[in-house]
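For reference, the structures are reproduced in the following blocks.
Two complexes come next, and they have one chain in common, subunit A, joined by subunit B in the first and subunit C in the second.
Right after this comes the complex of A and B.
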């Protein structure tokens, strides 16, 4: 009786998820393997790879570079927030780093378009401070712009999670290590980071999913080829109405996420097996 | 000793200055574009400032008003729909012994765990058959997918924090299940549910991909207007629209910490 009523309460939401998620998901998986005459085929996959293999590699490259950048910066910021000894600097940094978190992806695309262009503020400041000769100023609106924009947008998110995990670690561990003469950098890499690593992984995987989902930023930043898989999927749909190849590309992005999630699960299981 | 601390302070100041430039530089550059009437290469700053483009954007019958109206209507309807589905579901998931509860929770996690572009593409293809493409209802539905996911997770976590004994006391005093839910459970869960609504609202306002495939070109929301202006090379209009888009995001995020309490956050995903 109880569970019947509970099921009844969940049913509308479940129906909505089935119609808005499970059905399109099934359609995307099936269409990727269906030829026009209705028989099963792997032709879409092969054609997607031969047509867009460079874009797939480009996407993997951009996403990996962004993840590396995000990891390095978020560890530095989160580490300083937890171990920093200058109160005003810690407070200021805590207030500063969060801002891009609140900014939508479309808007960050537009921010990058003006900030990273040849005449943008980044080049302006580099030239004014003498770090760059005016003649060498160039537009960063290519793969570098994509990496910088993704990192700018996602670093605060990963930092927020990581700093939270680090702050939850027992302070006495750090103090004991500090008393034994360990430097702050050693505390960060030998005590804080190993314990907070699972949270870092979750943040990175969610960022990977976000970067592989965003359509607006690659459309706005990259004009030609190669570009991100998302751009090519949209291109295939809008110009050719070709769902087979678009969904085959979608399959690649699922596979990429699945592989990363699998690596994470393996690492977690191994950690739990021998702590 | 004194000199070295001074040096550390200066170094820290310099580093934070660089961080501040990286964070706020792009925003400042955007704001400059919003008020630039003339800005040609290689001028470092606009040569002419003014509000001319603001007038163009907000002229009566200009596209911006329609887009703004669409954006708000869609966001409000997406909140209504998501919450109407999520409140009963969240209550049942938090309170009642459901068969396959973990599978259901996982099902509500999947949409956020994998890239969603293929989903939107195929929703558009399905909606096309159902005649929902280019309609307000279609856009509301596509915005409710990510909304529903957030709403169910936050609602479940919120109902889990509500003190059960008060409900039981009300039931013992003869209140009907519906009455005890309305008078006891709902008021206590309100802050978390409000937070969920805000998340859904913000997510809908910023949503681009779903609207791009399902709504365009009939239904234009602010993100699409901004995108089209930017791709058309009209940086001023794009910058002004982007600034408008920033207001709710930044504003709501500053107050959301009041609604989403730590005890709710710690229960998300349980």
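Right after this comes the complex of A and C.
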């Protein structure tokens, strides 16, 4: 009786997951290996790689560079929020850094276009201030624009998680380290970061997934090839109705996030095995 | 490193427009053990944190030996602190926790390992290097925290209620251990505690604090026998206060009240004119393990005394306190004769 009631209670959630998540995922995986006549094939995978191999590598390069940038900036901001000694600067930073969280990707893409293009705001300011000759102004609307936009959009998210994790660490851990002679930078890297690292990993993996799934930013920033996998998937579906190759490309995305998640899980398991 | 004297001069601290410490003057001899004692909220932990550099001063000066450390950041002060929560870093093993202060000082790995092993041996934790600190018991954590503070051979050791998280039996044994260690190292030590028994057992000098001020600085014996005022006396277990009467022993001129401890008051002892005597009706009789605690109603007040045998409720009894156990107080509730606030320790 009890177990029947329990099953009844989880049933709506279970159905929603099965219908809205598991089923489409399985369908897309299966479609990647089905030819038009219904037989099993690896042809989509091979064609996807021969046609879009460069885009896959480009995507990996862009998200890796973005993740590095996100890591560096979020550690700096979170570290300053926890260890900073100038109260007004900490307050200001805490208020400012969250803004990009509330801006959708598509608007970020638009902002990046007007900021990074040849005649954009960044070059405008540089030329105005005499730091750059107008003739040397170049557009950043390529992989660099993507990296900057992704980092700008995702850093606040990772910082939010990381600063929360760092703030939750007992203050006396920092004080003990300072008392023993550690400066603030050492406190950050030797005491805070090792304890907050699991949260940083979660933030980075979620960011990786977000960046691999965004369509608007690469569409708005990148004209031509190579570009992100999402652009190519959309292209394949809108112009050719070719779900096979689009799903094969999707498979690469899954594989990429799965590998990172696996690395993360291994790390946490090892940490739990010898705490 | 040589152990140093500590001198506080006019140390004043405000936090959020509230005065936490008011003009603290204190001299601590090199190699001595000083307890900051007082009820919670009296500012004793703030004072310790100010010495360690975690709470900035609004006024005053802190000197370690001849050098002023008032404006140094915590990491430059060389004061080693043991935190109430121990603050062991959970992501490091016992050996790494102990070795980290040495690593910060650029001590090479082999010497580091040797000193960590030596420290663990001294703390009777040999072979614990690889253990996770999360696997240690409270007492073991406490010792590792102490070892981490001592491993850098600091000129000054600061202890923030280091024994308060332990159960009574371990606390008692660690008191002695800590005191022996402190004596053998000859390190100047300042310990915060709210436990008067702990302070009396361990300290060379007790600094009694109340509401952000120092009330009395004295040796444990002196403090126990001559508390500066009534509140201090109550804090130190003087649980009976009586108004003076003509036939009471004339201990101090002008005394209006006497304080005494329950253990010094006897019931129905043989008559002694040189002692304080009060007659009253027994209102309660409680077994305490090594005797009985008798409550006596005397003119509407309740006084407590001890007795070897139980006494029937409602019976009349005489309470007697020898003159030497009476602590005289004047009409202003201060000890008579007045004590110098900064007496020399005995």
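The rule is short, and it goes like this: the second predicted complex is superposed on the first by the 258 of 275 C-alpha atoms of A that agree within 3 Å, B and C clash if a C-alpha of one lies under 4 Å from a C-alpha of the other, contacts with A are read in each partner's own complex, and residues count from 1 in each chain.
Methods note: a contact is a pair of C-beta atoms (placed from the backbone, for glycine too) under 8 Å apart; a residue touches a chain by one contact, two chains touch by 3 or more.
If you're wondering where the values come from, they're calculated on a predicted model, not measured in any experiment.
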Once the shared chain is lined up, is A:257 touching subunit B (first), subunit C (second), both, or neither of them? first
Comparing subunit B and subunit C in the superposed model, the one touching more of subunit A is B
Return first, second, both or neither, reflecting whether A:190 touches subunit B, subunit C, both chains, or no partner chain.
second
| query | For A:21, is the partner it touches subunit B (first), subunit C (second), both, or none of the two (neither)? | reply | first
Return first, second, both or neither, reflecting whether A:113 touches subunit B, subunit C, both chains, or no partner chain. first
Where subunit B and subunit C land on the same part of subunit A: residues none
Listed in rising order, subunit A residues that touch subunit C in their complex are 170, 172-173, 175-183, 186, 190-191, 194-195, 274-275
Counting only contacts in the complex, subunit A reaches subunit B at residues 2-3, 5-7, 9-10, 12-14, 16-17, 20-25, 27-28, 31, 86, 89, 92-93, 96-97, 99-115, 118-122, 124-125, 128, 134, 152, 206, 209, 212-216, 219-220, 230, 233-234, 237, 243, 246-247, 250-251, 253-254, 257-258, 261
Within their complex, subunit B touches subunit A through residues 8-9, 12-13, 16, 19-30, 32-33, 41-44, 84-86, 88-89, 91-93, 95-99, 104, 107-108, 110-126, 141-142, 144-145, 148, 152, 205-206, 208-209, 212-213, 223, 226-227, 230-231, 235, 238-239, 242, 245-246, 249-250, 253
Per the touch rule, the subunit C residues reaching subunit A in their complex are 52-54, 73-81, 83-85, 87-91, 100-101, 104-105, 132, 134, 148-149, 152
